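Okay, got some structures for you below.
What follows is chain A paired twice: with chain B in the first complex and chain C in the second.
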Partner chain A sequence: MTTAGSQITSPAQLEVPLVAPPAGGRRRSLKLTPGRIAVYAALTVLAIIVLYPMLWLFLSTFKPSSEFGQNQGLLPESPTIDNYLKVIEGIGGIPLWRFFSNSLLLAVAAVVGTLFSSSLAAYAFARIRFKGAGIFFAAMIGTLLLPFHVIILPQYIMFQRLDLVDTFWPLIIPKFLATEAFFVFLMVQFIRNIPRDMDEAARIDGAGHLRIFMSIILPLIKPALITSAIFTFIWTWNDFLGPLIYLTSPENYPLPIALRLYNDQTSTSDYGATIAISFVALLPVLLFFLVFQRFLVDGVATQGLKG
Partner chain B sequence: MFTTRKRRAGIVLAATVSAAVALTGCSGGGSPEPGATFDPEAEVTLDFAFWGNDVRADLYNEALAAFNEEYPNITVNVSFLGFPEFWEARQVEAAGGNLPDVMQFDYSYLRQYSENGLLLPLDDYLGGIIDTEGFEQNILDIGVVNDQTTAIPAGTNAWGMYTNPQLAEESGAPLYEGGGSWEDYNDYLIEASAAASANGVYGGADWTGRIQNFELHKRAQGENLFTDEGEPNFTQEEVAEFFALGDEIRSEGGSVPGQQLEEIYPLSAFDSARAVTELTWDNFGAGYLGNLGEGYTELGLVAPPTAEEGSQDLYLKPSMLHAISAGTDHPEAAATLVDFLVNAPETAEAFGTNRGLPASQTQLDALSLEGLDAQIQEYEDSIADRLGDAPPVPVVGYGAIEEEWRQIGLELGLGTLTPEEGAERFFTEMEVVLNS
Partner chain C sequence: MTTPTETPTTTVARDLPSSATPRQPRPASGSSRPGRSKQAASETRAGYSFLLPWMIGFLGLTIGPMLFSLYLAFTRYNIFTPPQWIGFDNFVRMFTEDQQFLQSVQVTLVYVLVGTPIKLAAALGVALLLNAVSKGSGFFRSAFYAPSLIGASVGVAIVWRAMFNSDGPVDAGLSAIGINIGGWVGNVALVLPMMILLAVWQFGAPMVIFLAGLKQIPRELYEAAQVDGAGKVRQFRSVTLPMLSSVIFFNLLLETINAFQVFASAYIISNGSGGPAGQTNFYTLYLYKRAFGDGQMGYASAMAWVLLVVVAIIAFIMFRTSKSWVHYAGDNR
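So, the complex of A and B:
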């Protein structure tokens, strides 16, 4: 999990295709000049350095637990798949797929909720002149400055009074209320760049706000939607504190909490199982990113056509 | 990176929350009728939370199944987490007034929760629902804060020294026999490391890096680390002098190099077969054997060195306690569960020494201990003369203080701090923790 987090949560990495789309070189023939070879060699070395922790993680999933102190090398001395067998079996009578499906449910609900609510809110901020829009916008940006730890107590007490603790609702409802100011802001900026002429043309044809939003705005902010979806998925998938506080029954735990249950510094720790489940937990994020990153680049590329 | 950030977030959270705990904590539950009894016919649901791993979860499942055979009308909803996460979750729940009915509890948090009125005073249940036959009075006193019993110890442990005879033999190092003075131990470390460091094995890690060894020095003089009021009972000079006791072993290569310790953390040098001895709590043996792997089948457990022959520098510490939330709707049923966890032979049979040596004699008698467990019991019997009264319940934030000491010890080993600088940093950090 740790390595996954450090590799794909940085916004800079996602922005790279946004600001630097593969420039025209697609058709040029790829001759191997000495300079090019040097560049490739340097890139390969960098890639190895960056990928080494991942490789270590993967190979360590085959180490028996007792080897972690005595063999820090890359290759396991006595490889075993027991770690995987143990992890699949689950914890305290709860099978692994249960944690997996909890994580998946939370992540998918968060993606749907964030896309739905943030885009609606962004449309309102960008296109509708309502009373107090400026203040509300400033307040929305202001919530970006509030650390999670400040709001968590009042939020917890609220959900507790509603008797929703130990259900998924406290983790899902906020996503449907456009509380992720970062994404609202992202989409507002996107919508502001879309020429108003398009809205006006649609209005002349008799379209209302809803119609304009659905037929004009949504298709044009696809790249922003995809960026938001990727971030929301990864953040929710890796979220630890939220589920920790709101979910108390082990059968409701998502993966980030479950993978810590093999570790107990006060008695015994099963490092092999911890690493194996960490690796398994990493795969969906990797897949999600690989699949949607393509859409992201596509979205940016087609955007040039809208003129 | 990720972990330190996480930890810092945890500390911020803990600090924010403990303030809130103090504000909202005064909603204590009403005191029960004296001699209240539990009505076995009533249908009751209890929330129960503990920290531990998958192994302990299975043990609790077993114990609770036995509980339900006896009390079929009490449904127990179980929740469990790792130790640090367990406390993050409890802090938020405490602020929301929504603690689980029954909790596995830790000594280091007992003062904070008790003083904020978050735990149910158990005095009225003692000798009633909660049987105290099997407990020595000084063991029961461990759970007393400001004259009220708020927790019952489930297991105890003592500071001791683990040795690895097999590793000593393979690497050519001699084996420490236990006891003696700290100078004897220093000499041993240098000798053993000189004999075995060619094989990558050392006598032990730098013992000045553990606050418990400093505590032993204080207690050898008849003083505790902290006063009853929770004030530090030592000066910066004393800490610097203590750190300097390790200068000899650090400069002569008598301890595991700091860099190696850093690389294998959270495992210790002993876990990874690099050290022949380690000073630690006596219930760590099973963990060591697990981490050492199948190559090692037995460990030695002997008494730590002492600064003053004949002093009572050791004590029994609760490895865990059980407490009841002040806000529980079912105090009688909760007390019944606590009684079962600390007294029932069925629970003891399920756990063995997973929770430390059982605190109650009733549970101890139910166990036929063998191997390491028997060694632990033998060890605690052997140090009976050195066992004094337990120190006052630890100050709020003791865990953070202990960890800071360990960090400084590590830096002493890396040579980035001198004993004086280490002592100064410890005092600065301790002030921050104690005054937050």
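So, the complex of A and C:
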């Protein structure tokens, strides 16, 4: 995991300086000059400000509802786990695990679909010479800047005609059709950096494109696949507009939509539970971040993912 | 795909021209014409086979819907009855009669034009600080990046509202130093600044990109500037900014386009209403309300196309003007 992060190669090789700082830099960094102390102090203050909302959220989940509005500090005066007990019960007779498993199902399906379809398309663009490749590649790059709202209404009408509203299909099918162009682009860049020698050797041995793709390219683009998988998981987990439009029955809701339900129905009466379920919804993303932070941050640094 | 009957040598001869940068000149007389075209056809077949899922998605979920949406923009359509052609009426109504539309444009523009520069300035400022130290910068980099990952989520919107409410910690902190606000969420003048603060809080993603760009600037340039007697400010203006201009351009383009599409946080903070007094009625939220609240699919499609054209014009202007201020490495201008 740790070494794979540094394998991410971008056209500009942005990663290199991060791994190997220029000679002389290290020696200087050990000396704590007044200027350097001031920079660290500024960074520490900033980090406290930036992380404060998350810390406040976590600690507030242990405050009883009655304490909100009186105790704005970080620490709960009379800590309790009642909020979590209430959250686990769910809302409107639907238990929390149902929303959680809906979210998980959607996110896992999105990861599988995105990796499958994006890697196939990326291989075609990066390794196969065929008529129209240039035009389609340019078209794919164009879709990167396309506002989602231009296509969401007709897509909704289409899925409504197909009687697929209130099922997971409208949210899953697009992932299997490589509609997230960013990941195709990321993988194309990655495959282009792989030397062709191995493909050509396999060609001589009589391997076709499918064999080369499966046994040479896929194993070599693992870092790009992992980066794409993590971002797809997190974006799908947090996605709000798609499920809001397509899912109408509460038993189909993923966490963000269930959260909205909580927010609408109980925010005035049960602050603690609303805060607690917000934390529960963010927890998998935060855990993912703690485990994969190098991957995520390097993915942004080298490829400019929107985050 | 290679068939077993082909000899290895023809496979190599065929493959060479297909590489992006042929290391050898194309063998002029190596293979016969019919064989070559057969091989090209098989490459094309393989290409489109691999591209099939993407192609279905591109035609069925992007291009098709785009064209359909363009058609709907000129109709009155509520899903249940057939679309009714009304020409430019939707667009005329938008810009002449619909006060809510005009207000949502204004609110969105303020959000984009004020929020994006502040966010990018914060990103650049913090990246410069991080670049000045090397020890522990990994920890800070991760800490500052985390909000970008969750900032657009429903959970964070709920937290933000709780924190800026009249009984939340932000007001409590401000009243401790003598500033009494009485809540940002319900305050017509302060709810938009609060939304901008939420955007600025997510400065981590552009910061990480700035930081990677800063590490790319050769140290010798600063040393040369120092020899010439340039101070820190002068070095920043004459070395850092020009060397970073391509990264600034990239971040500016991406963040501007993303800012136009803010949705979930505005929806949650205003309970879907866009209030108070339309101050969080961002473009996409208003579009959503028109389409799914009022069932005005034609009008909402027209709005979507206005957004597309505006985004395209902004991207076009940025690319055109970038020639005068974006400096690419190896470009001696």
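Definition applied: the second predicted complex is superposed on the first by the 229 of 307 C-alpha atoms of A that agree within 3 Å, B and C clash if a C-alpha of one lies under 4 Å from a C-alpha of the other, contacts with A are read in each partner's own complex, and residues count from 1 in each chain.
Throughout what follows, a contact is a pair of C-beta atoms (placed from the backbone, for glycine too) under 8 Å apart; a residue touches a chain by one contact, two chains touch by 3 or more.
Keep in mind that what you see is a predicted model, and the values were worked out from it rather than measured.
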Check whether A:157 is in contact with chain B, with chain C, with both or with neither, and answer first, second, both or neither. both
Classify the contacts of A:187 with the two partner chains as first (chain B alone), second (chain C alone), both, or neither. neither
Per the overlay, which chain contacts more chain A residues, chain B or chain C? C
With the two structures laid over each other on chain A, which partner does A:133 touch: chain B (first), chain C (second), both, or neither? second
For A:50, select first, second, both or neither according to whether it touches chain B, chain C, the two together, or no partner. second
Could you look at A:73 and tell me whether it touches chain B, chain C, both or neither (first, second, both, neither)? second
Identify the partner contact of A:111: answer first if only chain B is touched, second if only chain C is, both if each is, neither if none is. neither
Tell me the contact category for A:149 with respect to chain B and chain C: first, second, both or neither. both
What is the contact status of A:241 with respect to chain B (first) and chain C (second): first, second, both, or neither? both
Check whether A:93 is in contact with chain B, with chain C, with both or with neither, and answer first, second, both or neither. first
Taking the contacts chain A makes with chain B in one complex and with chain C in the other, which residues are shared? 68-70, 72, 147, 149-150, 152-153, 156-157, 160, 240-241, 244-245, 260, 263-264, 267
Of all residues in chain A, which touch chain C in the complex? 12, 14-15, 17-18, 21-22, 25-26, 29-30, 35-36, 39-40, 42-43, 46-47, 50-51, 53-54, 56-57, 60, 68-70, 72-73, 116-118, 120-121, 123-125, 128-131, 133, 136, 139-140, 143, 145-158, 160, 174, 176-179, 184, 192, 196, 200, 203-210, 213, 234, 238, 240-241, 244-245, 255-256, 259-260, 263-264, 267, 271, 274-275, 278-279, 281-282, 285-286, 289, 293, 296-297, 300-302, 304-307
Tell me, which parts of chain C touch chain A in their complex? 1-2, 4, 6, 8, 11-12, 15, 17-20, 43-44, 46-48, 50-58, 60-62, 64-66, 68-69, 72, 79, 126, 129-130, 132-136, 140-150, 152-156, 158-160, 162-163, 167-169, 171-173, 201-202, 204-205, 208-209, 211-213, 215-216, 219, 250, 254, 257-258, 260-261, 263-264, 267-268, 271, 284, 287-288, 291-292, 297, 300-301, 303-305, 307-308, 311-312, 315
Which part of chain B faces chain A closely enough to touch in the complex? 1-3, 6, 9, 12-13, 16-17, 20, 47, 49, 51-58, 61, 77-83, 85, 88-89, 92-93, 95-96, 98, 100, 263-264, 266-267, 271-273, 283, 286-287, 290-295, 319, 354
Given the complex with chain B, which residues does chain A contribute to the contact? 1-2, 5-6, 64-70, 72, 91-93, 147, 149-150, 152-153, 156-157, 160, 165, 240-241, 244-245, 248-250, 257, 260-270, 273
